[in-house]
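The structure under discussion is supplied below as structure tokens; questions concerning it will follow.
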Amino acid sequence: MIILFGVFIRYNEESDAHWIEHRKAKNISSDIENDFYFRYPSFQDVHVMIFVGFGFLMTFLKRYSFGAVGFNFLIAAFGLQWALLMQGWFHSLDYTDGKIKIGIENLINADFCVAGCLIAYGAVLGKVSPVQLLVLTLFGITLFAVEEYIILNLIHARDAGGSMVIHTFGGYYGLAISWMLYRPNLDQSSRLQGSVYHSDVFAMIGTLFLWMFWPSFNSAITDHGDGQHRAAINTYLALASTVLTTMAVSSLFQKHGKLDMVHIQNSTLAGGVAVGTAAEFMLMPYGSLIVGFCCGIVSTLGYIYLTPFMEKHLKIQDTCGIHNLHAMPGVIGGIVGAITAAAATESVYGPEGLINTFDFVGDFKDMVPTQQGGHQAAGICVAICFGVGGGIIVGCILRLPIWGDPADDNCFDDEPYWEVFN
Amino acid sequence: MIILFGVFIRYNEESDAHWIEHRKAKNISSDIENDFYFRYPSFQDVHVMIFVGFGFLMTFLKRYSFGAVGFNFLIAAFGLQWALLMQGWFHSLDYTDGKIKIGIENLINADFCVAGCLIAYGAVLGKVSPVQLLVLTLFGITLFAVEEYIILNLIHARDAGGSMVIHTFGGYYGLAISWMLYRPNLDQSSRLQGSVYHSDVFAMIGTLFLWMFWPSFNSAITDHGDGQHRAAINTYLALASTVLTTMAVSSLFQKHGKLDMVHIQNSTLAGGVAVGTAAEFMLMPYGSLIVGFCCGIVSTLGYIYLTPFMEKHLKIQDTCGIHNLHAMPGVIGGIVGAITAAAATESVYGPEGLINTFDFVGDFKDMVPTQQGGHQAAGICVAICFGVGGGIIVGCILRLPIWGDPADDNCFDDEPYWEVFN
Amino acid sequence: MIILFGVFIRYNEESDAHWIEHRKAKNISSDIENDFYFRYPSFQDVHVMIFVGFGFLMTFLKRYSFGAVGFNFLIAAFGLQWALLMQGWFHSLDYTDGKIKIGIENLINADFCVAGCLIAYGAVLGKVSPVQLLVLTLFGITLFAVEEYIILNLIHARDAGGSMVIHTFGGYYGLAISWMLYRPNLDQSSRLQGSVYHSDVFAMIGTLFLWMFWPSFNSAITDHGDGQHRAAINTYLALASTVLTTMAVSSLFQKHGKLDMVHIQNSTLAGGVAVGTAAEFMLMPYGSLIVGFCCGIVSTLGYIYLTPFMEKHLKIQDTCGIHNLHAMPGVIGGIVGAITAAAATESVYGPEGLINTFDFVGDFKDMVPTQQGGHQAAGICVAICFGVGGGIIVGCILRLPIWGDPADDNCFDDEPYWEVFN
């Protein structure tokens, strides 16, 4: 890794000490115009989501908190280095000297890339070894970079918050791996496959930090100015709406009208996933609420009916229910994005705003919104194909008996991999 | 809610795709001038205070952590949607087309509005049903919006951090409701009305995030430039000072000189409440320390003497002690604000600074600081009246036997509303 | 404290109400040029590191969580007030009127100053009384301010992230105090000197917030523009690299290849410490990875071999292992800084970039990079001397039998200082 970084990675012009000369040459009036000040606060929020959000969300199991937060830490720290290289080759390669030039936006993208693998981790939580996780991440990041390049650059779909690129891909990637690693005797660990009171409270730390900072996630790499502003507002509204629907559905479908912490911890986040693609478009505040409303229902019902069905009939054991939180809402998000893009008009966006928002420049300067809608739809298909296909291949590799995975009666237990004194 | 948003709510010009044309028309040199970059970091800090801060602060009870953090989540997510509408009608209505135009400042204000209701939740924590909480929030937000309009717009009081508008109102609103819902046999639940070791540590997460981000709370909607800068400094200093006084008083008034976690969790925050109104004024660093010093004493002594007294003699059962943390410091904050405003001089503020800070423009361009002091004092009275009056009315509504509130021996227990497996 | 603040401390021109006039006089085009907007997001991240990061990192002991997070809160709140005064006299004194003018950068520096004392607290955690901690902090802050003035102003060493000024000083200060307060019979408390499952999860909250926000720590007071940008990137990379090495070494050197939470909680942070000085230099991305790689090894091996050795043979009882997390990586960071500075060339930095980065202006305008390297090395020595010397003196004072320290069989227990009900 050090050698690869040594050969390929350099600072970009905004993080290089030549910035002061570059600034004067380009007649930029102030240091505050450095991209750092546009994106650093959002970057830090995304960073918190990756490490605290995903990490603590998975601590709900009674004896797998070390593994949840510790392996999440390991995967993320490994993945972001590999992602800087892989994404760099596709997106930030400077052809004049063959170097990848990195700045704050690359760090955000590396965190995004890692998110795809952490989603996949959610499906196999407690059933794999750390070495398997590193393999899952190595291939996951690589597939992600290729898929992202195809969707964003070749197809020219827009996907600010990664509904397709991150959540759909990550969700199906994890589910396919989990299907390949199906354990028929997993009920031998059923004593450990539940929560205790305080582990559920720890998981709420993860939920809340994901929920609160999701507006930063969806706005982190959108256009400066109105793009970031609008993406944050749309995400904020969609998430607020999802919380209400989730609580209502959870209470309605449980006996005695009681709420279930699993739904509160997970389904409340589905709105943020589903508004990812369309967040930067003129979705309108009520549009965001509708998206959030629908996703709260779909996601909660998924936990109640679909997850048990998938485990019983499809042989997919999905520990964290990522199908309900990431895969389905991700696809919904892709569809919402396609519709919103296809429906875009100059009267709503303004002539310059339209070009600016959809990036109709260069090779794509003759595109119109309806075309863009089609490209968005194509993006969804690519994401699903890469997720399922990649997952099956990587799942095959992970079935090799060389990775030290835990026995069926040792799943969901920190004991095999951690020094636990009590 | 979706229909109301569909009819009324639109993006404002800084979050609309027309921004790029608007920017050029107004000759704004850079995207960084978008209000998003002035306020988004503060917004996210406020957001954390609302969801993690208030939520975890209330997890101290041994078996009500799900309710604390979960219902806090529910109220806040519901309240902020309603607040966008209510505050929008009063503050952001565009009379040319009858639409509410929202941007980042509206999101911050919605979070502020929600804070008032969460404070009230603190007084009735563990004694009401989620449906009662939604009713409390619905009316609370509505009252808040009216009260805020009267205090800020009609009376023209300044209240950056909401000592009056948020804390005084929210505090007395909750206390009045708690008084109306007095339970003489609450001691049947006394086995649950305490903390366990780890629930106190969870509560410290809430305390610390509130404490750390309070400078953002008080500076979030103040004037660009020096206003935000000064509000952050004043709040930082007041809070630091309160911590020391709280620790000292807690140790002095307990037997054996031991510290009490209840005081550390709550009273350490009183300085932030009390400096809310005056934070944007030229309070001077030593003034902030004095405010923090006094509030630490008042608040801690309130927990030791006043809360038991109120429960025994005034029939007010205040679960979290919001009288000591919000109501009293809020009133102190209002008074400090009135005095600081009345004492303002051109030599301290500069001629333009004075106009800028107190917004002596338009209808109010002939006002002088002493007058402003009077208006500030009037603001305190309005806040108290709305809090007490509104609380009594809403308390009456909540006494109707249709809301499914828990029995006296079921209070402070997650069992009635949550699936708890162990 | 109030009196001292009253006499000495005032707002600086960016936080004073005269800002609006100052801005026009200086022809500053926009409020966004106020230093507040350059530094406030980083300040809040640093603030979280101090109060949540350090506080929760120390909650790993089974019955000392109140003391860890509560006394951390006390020390920090006290220390930052004292630091504003002490650092103000050395750095921000306005000689025209004898006042200290404070702004956001002073708040960050005060938090930095406090960090030095919190590091020292880690060495004596559980073995001292709150009064002893206040004394430790009072002298620690004072020594820090003098040491910082010598290193940064007199020697003209650069130390953006404080590898020398904060970590080396704080580490050796704490170790020297711990040596002076050696308790031969500490094994009487050995039943309490360990973790329970959930206390280790709480500690991970501290670890992760420190880890995530370290890029803000190292970039908070660097130069506007490329300086902050580059410092964040370097720190991010060094930390990612440390996580991998720590996990690998922890697994390799434990029996059965199990991971130890102590290493994950602490050693993963060593890279951030070690890149502190050089973060703002052109260290290059691969350089950051190398630094993180080495520190992960050194720090983890330190926990496995050095800490037991120091306790047994050198009579230094280091509760949190600050020698491995702060002292050693701090020295490494100083050395890396010296080498990087000495190796700086105009071709890498650009002519203006070189002057800008190393601040070769005023009295130091004739300095060259190799000289700067020597000055950096001198800075390390000063930091170690102040740490060890100051620690021995303060340790002598703390040995006086008047401070109410806990008995040998009462260490690591909240009971003596807190109301604990269960």
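Labels A, B and C are assigned to the chains in the order they are written; within every chain, residues are numbered from 1.
Operating definition for what follows: contacts are C-beta pairs under 8 Å (C-beta built on N, C-alpha and C of every residue); 3 or more make two chains touch, one makes a residue touch a chain.
All values derive from a computational prediction rather than experimental measurement.
*Asks:* Work through the pairs of chains, note which ones touch, and then classify the graph as line, ring, star, complete or other.
*Replies:* It is complete, because no pair of chains fails to touch.
*Asks:* Between copies chain A and chain C, what's the superposition rotation on C-alpha atoms, in steps of 5 degrees?
*Replies:* Best-fit rotation on C-alpha atoms: 120 degrees.
*Asks:* Nearest whole angstrom, what separates the Cα centre of chain A from the Cα centre of chain B?
*Replies:* 33
*Asks:* Can you list every residue of chain B that touches 2 or more other chains, as numbers and ranges?
*Replies:* 29, 32, 37, 41, 198, 205
*Asks:* Mind pulling up the chain C residues that touch chain B in the complex?
*Replies:* Counting only chain C, the residues touching chain B are 1-3, 5-6, 9-11, 14-21, 23, 29-32, 34-37, 40-41, 44, 47-48, 51-52, 55-56, 59, 63, 65-66, 69-70, 73-74, 77-78, 80-81, 102-104, 107, 130, 198, 202, 205, 416-422.
*Asks:* Per the contact definition, I'd like the list of chain C residues that touch chain A in the complex.
*Replies:* So the residues of chain C in touch with chain A come to 29, 32-33, 37-38, 41-42, 45, 194-198, 200-201, 204-205, 208-209, 211-213, 215-216, 224-226, 228-230, 232-233, 236-237, 239-241, 243-244, 247, 254, 258-261, 264, 268, 282, 284-286, 289-290, 293, 348-354, 356-357.
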